[in-house]
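Have a look at these structures, which come just after this line.
Shared chain: chain A. Partners: chain B in the first complex, chain C in the second.
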Partner chain A sequence: MAATPTRLLSSNRAGWAMAAPAVGLILLFIIVPFALAFGFSFTNQRLFSPNPTQWVGTANFQQLLGVSTLTLEPERDASGAVVLDDDGQPKYPRLRSYTRNNPDYPHLQGKQEWFSFGWGDSRVFVLASDVVFMKALRNTFLFVLVVAPLQGGLALLLAVMTNQKLKGINFFRTVYFMPVVVSIVVVSLLWRFIYDGDNGLLNNVLGWLTFGAFEPVDWLGNPSTALPAIIAMSIWQAVGFHMVIWLAGLQSISPTLYEAANIEGASRWQAFRYVTWPGLRNTAVLVLIVITMQAFALFAQIDVMTKGGPVDSTQTMVFQAVERGYRKQDIAAGSVISVVLFLIVLTISLVQGYLTREKK
Partner chain B sequence: MTMLTRVSAILLASTCLAGAAAAQAELTFWQHGAGNPWEPRLFGQIVEDFNASQSDWKVTLQQFPQAAYNDSVTAAALSGELPDIIDVDGPLMPNWAWAGYLAPLEITEEELEGFLPGTIGRWQDQIYSVGLWDAAVAMITRKSTLEKYGIRVPTLGEPWTGEEFNAALETMKESGDFEYPLDLGMWDKVEWYPYAFSPFLQSFGGDIVDRSTYQTAEGVLNGDAAIAFGEWWQGLFTDGLVPGTSQDPADGNQAFGFRDGKYAIVWSGNWNGAGVLEAFGDDALFLPAPDFGNGPKIGAASWQFAVSAQSENQQGANAFIRFALQDKYQAMFSDASGLAPATATAAQMTENYKEGAPMAVFYDLSAAQALVRPVTPGYVVQSAVFRKAVSDIADGADVATALDAAVDEIDADIENNQGYGH
Partner chain C sequence: MATVEEAQGTATLEARSVSWDRVWRYALLILGAVIFIFPLLFMVMSSLKPDAQLLADTANLRAFLPVGDISLDNYFGAFRRAPVATFIFNSVLVTAVTVVLSLFVCSLAAFAFVFLKWRGRDIVLAVIIATLIVPFETIAIPMLIVVNNLPWISSDGLTLGWLNSYRVQIVPFIADGLTIFLFAQFFKDMPRELIEACRVEGATWFQIYRKVVMPLSGPVLATGAILKFLAMYNQYLWPLMVTQDEGYRPVMVGLQYFFQLNPVWGEIMAYLSVITVPVLAFYLFLQRAFIASIASTGVKG
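Take a look at the complex of A and B:
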């Protein structure tokens, strides 16, 4: 038994030598920076500053993740009737009177409103220490939840369609793969023009298809359409990459299985359901995990197209990490986000690994 | 024997050549104007002239696109790869000086006598940067447009009041002749936002940070004046008077939208002045900012030259800057770009700024209204926070909440940096 580690470490020099460049690069550019980020997240490290760095413990994490709720009764006038504001909605006391220097609510100090909902007569306010981060967290999850199944499914559809023995099928494969080869920054710039609210291509095409009935939409300037617009563009951009992985999986399935299914009289759907899909199991796990990880790293599209706006509707975790760590020169704040993102992705990968394990 | 002589002669000659090359120190100069039609040409010429004028130093010019420039300098500073001569945007200078990336200039106050105040960058009583020009912004429009809608031409003595300005925008909007009556340049989401829009806030009586101490923004960025500014600002967008944050860069860049007649007025700088004059000639008007109660205000301080503290040839870098400051180069830049030259003597040599010339008015605009952005190392963060606040308000966020959030972030940052050395 003791032979295994010895052989791995000493009698395998050629193997280690060959792995060395990759191991070295991964160590230098992934492991070391992450260890540094982990360390920085417990300090007040700045990008550059003449002040010495101080240890701050978990204060950065508390600042990032702090959430509280506050239930408020509407304001009432002398007769006990609810005071209404200009829009006819019940008026509530200003939150800032609770969250700033109020000795009765020390746990709300510095917090801001994230969202609120009605609860009977009163209203429950959910307050966060870092509202922008909470919105970034929500947007990132929304992005992953929409992109992972849609992009994976669409890529599979394209792969099945381009896996036929037709003349010129390589042309279609190339066309679908093309956006992957173009730099994401260039793609984002082009889509910024496509989504333009006044005379963008998308509005023109939709207007033409509906004979002018379509009202132009300012896709990236409207908080309700900005994130969906970026989701659609992101799915389109990377779908070809996953199509190629699915194609590789499809072509590894033995044709004899399809012949057998044919002889058994299986319909096309049955052949897909009982031959193709089980044969793609491992590919499916790979595609799902890769898409999930890529989706969590959403940055370039945001930076080029919206910078997190309008009104935080496209903030994402990586964009905020860069914005704070680099542009606002607060490396500690950027590091905390990176560490939290790492923990989230790690958890999700472990759960995915468990759910898609080989069941004996 | 002859062979040996020949070899030693060659060796000797090559040593001499190498010696001569070593005596000439190599300096690099980073500049932000790549992709701009005039900066690469003019800076190239100054560098060429400087290299030809002496034999101690040889400067090489490297140009970056403006959008990537500041990030590149930050990265270079961290990895110790800063060039010898750095082009720096005036308001960022205190941050770089505070961090120890810049060396104070050897150029003295006497040498800079007569320079416009906005062209000299000072931090803690030392000169760190100096520029060949200053920028000024104006409400740029056409005489014929104002006459057509019966709008008074404002003067420095009597600028538009806030109400008058709003009414003028409404009139032009109702005419239906323009896509929008006013272009604020919302597409340009970098330093333009605080440079161009914080003067509106200051005219209302607010500010980005309390300049008496530079320790807090409470009360100035979220006080009554700031909230009044925010509500006016939001109204511009909800009333459809101004293109929003998703404005097409093709319409905003170089005032093209205004030149094409899509917008009636453009809030833009003298660097677009030459293009506007070319398009409209005598009909072009460069007007002062509206007065929202606290006087008309515009920003000051543009790009300037500084010397890296990491440079081994600071003397050479200072010599280059001194060389570049000559009146003839100031005039050359002004002619190409429309920016205001730093000295009055250079101004007399220019097409646009000599007495009676069409853009001389920018001098007066600067003198009467200019207010530099907060001179503090924290400005880097304050600028980003202000940018987010005005974007959010333009996009429909609650005014008081957005401004309160901005104050919180600025105050927390100042505290985290132990007051930024004020």
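Take a look at the complex of A and C:
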């Protein structure tokens, strides 16, 4: 290379001309909208509005992320005994007396109860100015924290299974990958039918496997099963994608290493632990990053299956961003969620990048 | 004698344990196949049945078999209910045009990044790679404002706003960091001497791109095309936001029509089959290329 005259390879005009279409499009359709999202999040921009847009500073962020706690003692009667309500639970002062025009608690103004927990005799109430968003935040993190390891792990299991030297193994690889080419919208609709409480396939299969002992569940209509149901379906759809990435990693490991392990008398598990797994380090990082990114963008499944319900048990950040920014045409409210989401994704990629660089 | 018998005994024992081992492996593989295939099989089989039978069949294995009152009625019903042909046409048009333009624009840019030296190249490349961590969902809403304010020249003269058109579904997705990255990775492994020799011969950069580099880029073109095809055909959020006019709607947005006024499950399944089975067939036909293309994103990454 050193012998090559650089003028052969350097050409400002040709270089810019060839890169220009792509650079221009990325600028207009990724970088400008991205910058706008940041800008709008500090304003009260709407999609169509007769009033001029105003700068509101960090008010949107405060409204979105405002959280406070309030510790309350149970009410006591004249004798000092705790007052119980109809259900036999201790009775607490009404939250509304703190959150509505109470001059002693200005920071609680307009906040609502998110959740509460007992703390000795008293009860700690966690209040948020945007309870729906807080639930969306929690659900999104829950989704990511469950899906990333589970989907990555199952994909690795499938990859190991389909990396065996068996007759017809390519058939199984092909089948496991099939749902990946099917749109998540189609998959979501199909699984709505599978999860149905009355005639759902899943209830029937479980009933059959347990000889009728299984009580039918309305999987998507029940707040405690809706998110797990969506998690299971999402994994079913996407696991084949990551199986293929793991497979590529597995096949890049030299067979001589396995021969050596065999000669040393390593068990199958030891061969995996000391040969396969170290060889998959880079693949593992990639799989984890890709799944994490995709999981944070959870939207279509929610939109098609539950619309965030029942009782906000499947709200997610992107679903709320679209709900507010598009359906309610409140661009600022949608943008501020987008910015928070982006900052979370950025932080996670920086942390993942840092961790993986450290160990190299 | 005893030793020979013993040896034979252990041999058969080993053979037997090996075959049991194989049985277990296949059993596990088949269980996996059932889990992945049966929901799709259920979709196609249900599309052939009237609703009453469809619902009754979910109680047993008939759900996965083409038995009972089988007909294509649901397909006719689906085409009557919604302009299905229009949706399919729109999806195919948008997907095909975007794939072709994307491969051209992105490969050209990658060529410039890998083979040419120009002022600002490294910083531009770094910014493009950085865009890979921006989820589309986070910029979709401000992008709506952008496309709503873009001009277009048509027979009516200069108009403002791109909503309800093909271009709003195509142009924003032509250039993307991943496709540029895939091409750049592929070009890096090409012999630079070849490019330099062509340059010495007096070929222009575009001639080198078109006559030398592109003909050698079959695998990466297939990878890029497959990934873009899947992303475009399966798009949902963006077309949902930008196409209120049914004349421009793609297949995924068209699904909404099947939930208005007495939804018929058989028709829904028929529509799902119509928009999914061709893609599955395409995949099964080219499955090695599909799997290789996904794998290549992993190895290079």
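Heads up, the rule we're going with is that the second predicted complex is superposed on the first by the 329 of 360 C-alpha atoms of A that agree within 3 Å, B and C clash if a C-alpha of one lies under 4 Å from a C-alpha of the other, contacts with A are read in each partner's own complex, and residues count from 1 in each chain.
Heads up, the rule we're going with is that a contact is a pair of C-beta atoms (placed from the backbone, for glycine too) under 8 Å apart; a residue touches a chain by one contact, two chains touch by 3 or more.
This structure is a prediction, so every number in the text was calculated from the model and none was measured.
Taken together through their common chain A, the two structures put chain B and chain C in a clash. Contact with neither chain B nor chain C is seen for A:F125 once the two complexes are overlaid on the shared chain. Contacts of A:Y326 after superposition on the shared chain: both chain B and chain C are touched. Taking chain A as the reference, the larger set of touched residues comes from C, when chain B and chain C are compared.
Of the two partner chains placed by the overlay, neither chain B nor chain C lies in contact with A:W114.
Of the two partner chains placed around the shared chain by superposition, chain C is the only one that A:N12 touches, whereas chain B remains out of contact. Contacts of A:F193 after superposition on the shared chain: both chain B and chain C are touched. By the touch criterion defined above, A:F42 lies against neither chain B nor chain C after alignment on the C-alpha atoms of chain A. Within the superposed three-chain model, A:V244 lies in touch with chain C and out of touch with chain B [touch as defined at top]. Contacts of A:V318 after superposition: chain C is touched, whereas chain B is not reached. Residue overlap on chain A between the chain B contacts of one complex and the chain C contacts of the other covers 47, 193, 199, 326. Contacts from chain B toward chain A in the complex involve residues 71, 74, 77-78, 95, 98-101, 179, 189, 243-246, 248, 251, 380-381, 384, 388, 391-392, 395-397, 401, 404-405, 408, 413, 416-418, 421.
Residues 44, 46-51, 96, 110, 112-113, 131, 193, 196-199, 218-221, 223, 307-312, 323, 326-330 of chain A are the ones touching chain B in the complex. Residues of chain A touching chain C in their complex: 1, 4, 6, 8-12, 14-16, 18-19, 21-26, 28-34, 36-37, 40, 45, 47, 158, 161-162, 164, 166, 169, 171-186, 189-191, 193-194, 199-201, 204, 208, 236, 240-241, 244-249, 252, 283, 286-287, 293, 296-297, 299-300, 303-304, 318, 321-322, 325-326, 331, 334-335, 338-339, 341-342, 345-346, 349. The touching residues of chain C, counted against chain A in their complex, run 22, 25-26, 28-29, 32-33, 35-37, 39-40, 42-43, 46, 55, 58-60, 63, 105-106, 108-109, 111-113, 115-121, 124, 127-128, 131, 133-146, 148, 171-177, 180, 192, 196, 199-200, 204-206, 209, 230, 233-234, 236-237, 241, 252, 255, 265, 268-269, 272, 275-276, 279-280, 283-284, 287, 290-291, 294-299, 301.
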